[in-house]
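Each of the next two complexes has subunit A plus one other chain: subunit B in the first, subunit C in the second.
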Partner chain A sequence: MSTQGELRPARLSAPTRKRLVHGGLIAVALVYVGTLVLAPLVGITWAATRAGWHTWSATFADPTARHAYVLTGVITLVTVVVTAILGVVVALVLSRDLFPGRGLLSAVADLPIAISPVIVGLMAVLLFGTGGWFESWFSARGIRILFAVPSIAIVTLFICIPFVIREVTPILQELGTEEEQAAKTLGATSLQTFFRVTLPNIRWGLLYGIALSTARAIGEVGAVVVVSGLIAGQTETATLFILRAFDQFHDETGYVVALTLAMVSIVLLAGIEIFKHREEKELSR
Partner chain B sequence: MQEQVGTLVREDPRPAKPAAGSRARQVARAAMGRWSLRSVALLYLGLMVALPTAAVVIRGFGGGLAALKEALDAPGAHQALMLSVGLAALTAVINAVLGTVVAYVLVRYRFVGRGVLSTLVDIPFAVPTLVTGVMLVALYGPNSLVGGFFIDHGFQIIFARPGILLALLFVTLPLVVRTVQPVLHQLDLAEEEAARVLGASRWVTFRKVVLPHLRSAVVAGGLLSFARAIGEYGAVVILSGNLLNKTLTAPVFIYQLISDFKPDAAAAVATLLFGLSFTLVLVTERLTRGRPA
Partner chain C sequence: MTVNGSVDTGVASGIKVRHLDKHFGSFHAVKDVSFAAEDGKITAILGPSGSGKSTVLRMIAGLERPDGGEITITGDEQTWVPVQERRVGFVFQHYALFRHMTVRNNVAFGLAIRKERKPEIGKRVDELLELVQLAPFADRYPDQLSGGQRQRVALARALAPRPRVLLLDEPFGALDARVRQELRRWLDDLHRELGVTSLLVTHDQEEALELANEVVVMHHGRIEQIGTPDDVYNRPASPFVAGFIGSANVIEGRVEGDHLRFGNHVMSGAATHLANGAVAHAYIRPIDVRITEDDSNGAYRATVERVNNLGPSSKIRFRLTDGQPLLADLPNEVLPILEAGQQVLLDLRNVKVFESESEDELGALEEPVAAP
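Up next is the complex of A and B:
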């Protein structure tokens, strides 16, 4: 570095320039992420605080708001349980079972990432709506899918399918089957091997995937708005409640509910950071 | 792990080698286990993902090109698609450049606030997209924290295109950063040092030594951002105002077609949009595969 300085004298000394470049790049990163992410967080906190105590108490006393929170909770729980269990099964098949068509299965597992949520809602309409493929079968049995809770669960599930699969599959591939084979040789059954050897190895990746799908399930709106039917107190999730609040110019109520969802997601984020850290540590072992 | 296997041995001290008959039974059982897992996986993804997707694509092509043309001729349709494509492309480019800077800073520099910066980058993964839109309205909307200032200076953000762009940038921020970061982590610093010692400037070193390694990751992150941005609904619906020909995006347009009971037209536009983003995701997979994890 010093020889270069002698060969090509610069206007500024090398260390000064280095510091300028570092400082400049760090400033660009901080300003970009700050204005993009931090400023809106400050904005919503300010708006929801300014709404005042009476808006907060009125919102939480509103039975349709409470119902919306509960419905979002139930849908999220169902989604997480199903995508976690079946996601691990798919990950096992994708990483261990070399059958023809595995590449196709992997592509299908990634599909929901590429599809706009509104199109996911449209799918449910085409399958369960008037003249849909399954409409007559379900309506003959008196089961309501579209514009009812089942379709909300189905579209949310669809959107959350990839998260666990994408986190767990690479870990299983990295892991190999040596430990599992050792356990089997020592007389463990398949279930014992799974719960005592495989599951402990994938737990952080699995939890990371679960946290991501929880966040997505709580916040899903584009698919849900199409299929829910928007009946307050019946098929209205927390995000749809916010949407209605803004439609009816109750902006302050919207801010309050939005801030509570943002706070839940920040708590989830803390979980996500911890799980990701553990997963990275485990992978680099 | 060693301890757990040890526990199994203590519980089951029989000889490790099973008898010949039970060996055959074990093989049969393993095959059965493999088949049942495979069937569950195929059924799950087949019923939950492949079938509904097929429903849209079949319905989308069902009306033939006539239905697509009719849908695109509807007032605002063309503009909505062009707006979504244009804003998604802008989002991808801005995030590709600034996302790479953020990733570079996070990997290479140690400074106060680095942890906070890293956490902020992940926030869009966690925050509901609708809440993103609400946050931007709270910040830039009329009678809000700073919105009044911008409106006084003749610059409208909410119910206008800048707001949509901000929302799309927010939602896609982690995609480029988190794709580029692991690649930067693995780069051999010796290459850059060699270039610098040989007299290359900082910028030339970055362009000629670092960037070629990053290129596929940056492009992959950008394409993912594009695919995500073109279909975004939640972050956009509240703040865009959904003005025909002005701020109505393609997903909101599809939503309106569905609400107007025009499922065929909706399926036609949806197939177009979906074909575009799925191709992009497949290309991205190609680009990122083969890269050491």
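Up next is the complex of A and C:
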């Protein structure tokens, strides 16, 4: 190979040029990802650890911080459970049933990805705020939606709708229905078929979608900041807590909470990579 | 041997279908299909793709709902019984094994669903894995097996819950030729051993003729003929069957009295059953073309165009004097040395003549011989 390059002594040999181009591209990729992603992460870690042990213990002792963590946890749990179950239902409908409006449903399910979270928040204000379409119905029953926990859950849910649907639908399409038919000829009811055949077949894709959903729910701030009302210890999620910490010049406390959230995301990322890998392996069977 | 001939012979067990009908949208997939699959035997539904044969099988399994008609399995009316309760074993062309389960769990599935006790399931699964010669592979996953092995797992899985009948949908269609032959022989042995009533859907005539006791030939959603392999091969009831089974040269001609005239040839006495003046097609199998020395009783003059030696026999392309091409399949041991351009005399045996129907009723392809 390399001897062929000597036929044109004036220029670099082809393999050398190829190596240079590849090396250059790798360098660009590393610098790009390194500076834009890793540097901030290292920065947060550095800032949070520099804060010292007393800041950590003070932060975790702070009831508003604890409440913020719990609220984020609850919102995330609700979001994940609802988007996972309904996401699989929608994916089944999209992949198995032909009906008029199927394309529209598919497009609408993707909408939350295209809409800015702030706009999602504003839409919620429009529906549940004073004079909103649904406001009177709920306020007549003494249920507070806006500037309360329900609205936070609603906007987070809305934003996380597409993840499971987008991951599971193509897998279901790829799988086809033959395995399910086989299960039925062997005597399995529809429910047995779903839990013993369909669900195990989509499990990695589903987990991948759930991981994406979780990461998004934990990190969501744009829509939540509009609807939450920002009441510390009541409607303040972990991300909102960070915003307030910086607002009030408690930078170190903000860094500590930010680092904990970042660590959760890194664990999720690892999960996402594993799930993606398993899914690809399984589909190739 | 005629259409619907064996429906009312009083088969109490086995499978019986009557007047099955099915549309997919505006496509009439299955048209008034009636036949019976005898208890303990292998019956084959043979037809080209799109003939409706798989739809019939899927309706018998309960995977598809008929628009009309009646399905009986071992004497029980099943037309509206859900698939789960029919107790049929179904083998799919592409295996449809549960990819996330080991071979053992695949085979155990139907038993576990029926909530049989664990030790009994284990025993039955071992028994079946032994039967399909896959015991050493029990803990593998389907993607670690070859195509032939996968289909044997699928068969074991279908047989495990002791189905009343076994339905096979192109079971060897996805396998390469050598494995297909091997598996076909193996299925034949297995069936001899188990004697489970089996209905096999295939487009491969060799498969149908070799395995089945009775063959149901389907075309365009209709049954063309029901009969033994010998019947459908030697006594085709329709031009489609004559062209589809065994592959045939098709020659168009016109009936003149008792004879069929085509080009400048006359096939004497071939068309006694047809009306004078009708347009008809003669079907001649490549193996029924013989080279002869005897010019006396209507031998045909032909030119050798091409000779392909296939080992035990040779495929020879002749051209009759009027330009009609004719393919022959002659055993090499009786074959004189032939060269392109050489003149020979041909004897055509077992010629079947059918009156022309619409073009698509012809079983033969554009080429004079449909590939076997």
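Throughout what follows, the second predicted complex is superposed on the first by the 275 of 285 C-alpha atoms of A that agree within 3 Å, B and C clash if a C-alpha of one lies under 4 Å from a C-alpha of the other, contacts with A are read in each partner's own complex, and residues count from 1 in each chain.
Everything below uses one rule, namely that contacts are C-beta pairs under 8 Å (C-beta built on N, C-alpha and C of every residue); 3 or more make two chains touch, one makes a residue touch a chain.
These numbers were taken from a predicted model, which means no experiment stands behind them.
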Message = Quick check on the superposed pair: does A:N201 touch subunit B, subunit C, both, or neither? Answer first, second, both or neither.
response = both
Query = Is A:E178 contacted by the first partner subunit B, the second partner subunit C, both or neither?
reply = second
Query = Regarding the shared-chain residue A:E282, is it in contact with subunit B (first), subunit C (second), both, or neither?
reply = second
Ask   = If you stack the two complexes on chain A, which partner ends up touching A:G219: first (subunit B), second (subunit C), both, or neither?
value = first
Ask   = When the two structures are overlaid on chain A, which partner does A:A232 contact: first (subunit B), second (subunit C), both, or neither?
value = neither
Query = Can A:A188 be said to touch subunit B (first), subunit C (second), both, or neither?
reply = both
Message = Once the two complexes are aligned on chain A, which partner has more residues of subunit A within touching range, subunit B or subunit C?
response = B
Request  = Mind working out whether A:L105 is in touch with subunit B, subunit C, both or neither, as first, second, both or neither?
outcome  = first
Message = On subunit A, which stretch or stretches are contacted by subunit B in one complex as well as by subunit C in the other?
response = 179, 182-183, 185-188, 192, 196-197, 200-201
Remark   = Within the complex, subunit A is touched by subunit C residues 61-63, 83-90, 92, 94, 96-101, 109-110, 113-114, 141-143, 154, 157-158, 160-161
Key: Interface residues, subunit B side, partner subunit A - complex   = 1, 4-5, 7-9, 12, 14, 16, 29-30, 33-34, 37-38, 40-42, 44-46, 48-53, 55-56, 59, 98, 101-102, 104-106, 109, 111, 113, 117, 119-132, 134-140, 144-146, 166, 169-170, 173, 196-197, 199, 202, 227, 230-234, 237-238, 250-252, 254-255, 258, 263, 266-267, 270, 273-274, 277-278, 280-282, 285, 293
Query = For subunit A, which residues are in contact with subunit C within the complex?
reply = 178-179, 181-189, 192, 196-197, 200-201, 203, 282, 284-285
Query = In the complex of these two chains, what residues of subunit A are touching subunit B?
reply = 1, 4, 7-8, 17-18, 21-22, 25-26, 28-30, 32-34, 36-44, 46-48, 86, 89-90, 92-94, 97, 99, 105, 107-127, 129, 132-133, 154, 157-158, 161, 170, 174, 179, 182-183, 185-188, 190, 192, 196-197, 200-201, 212, 215, 218-222, 225-226, 239, 242-243, 246, 251, 254-255, 258, 261-262, 265-266, 268-269, 272-273, 283
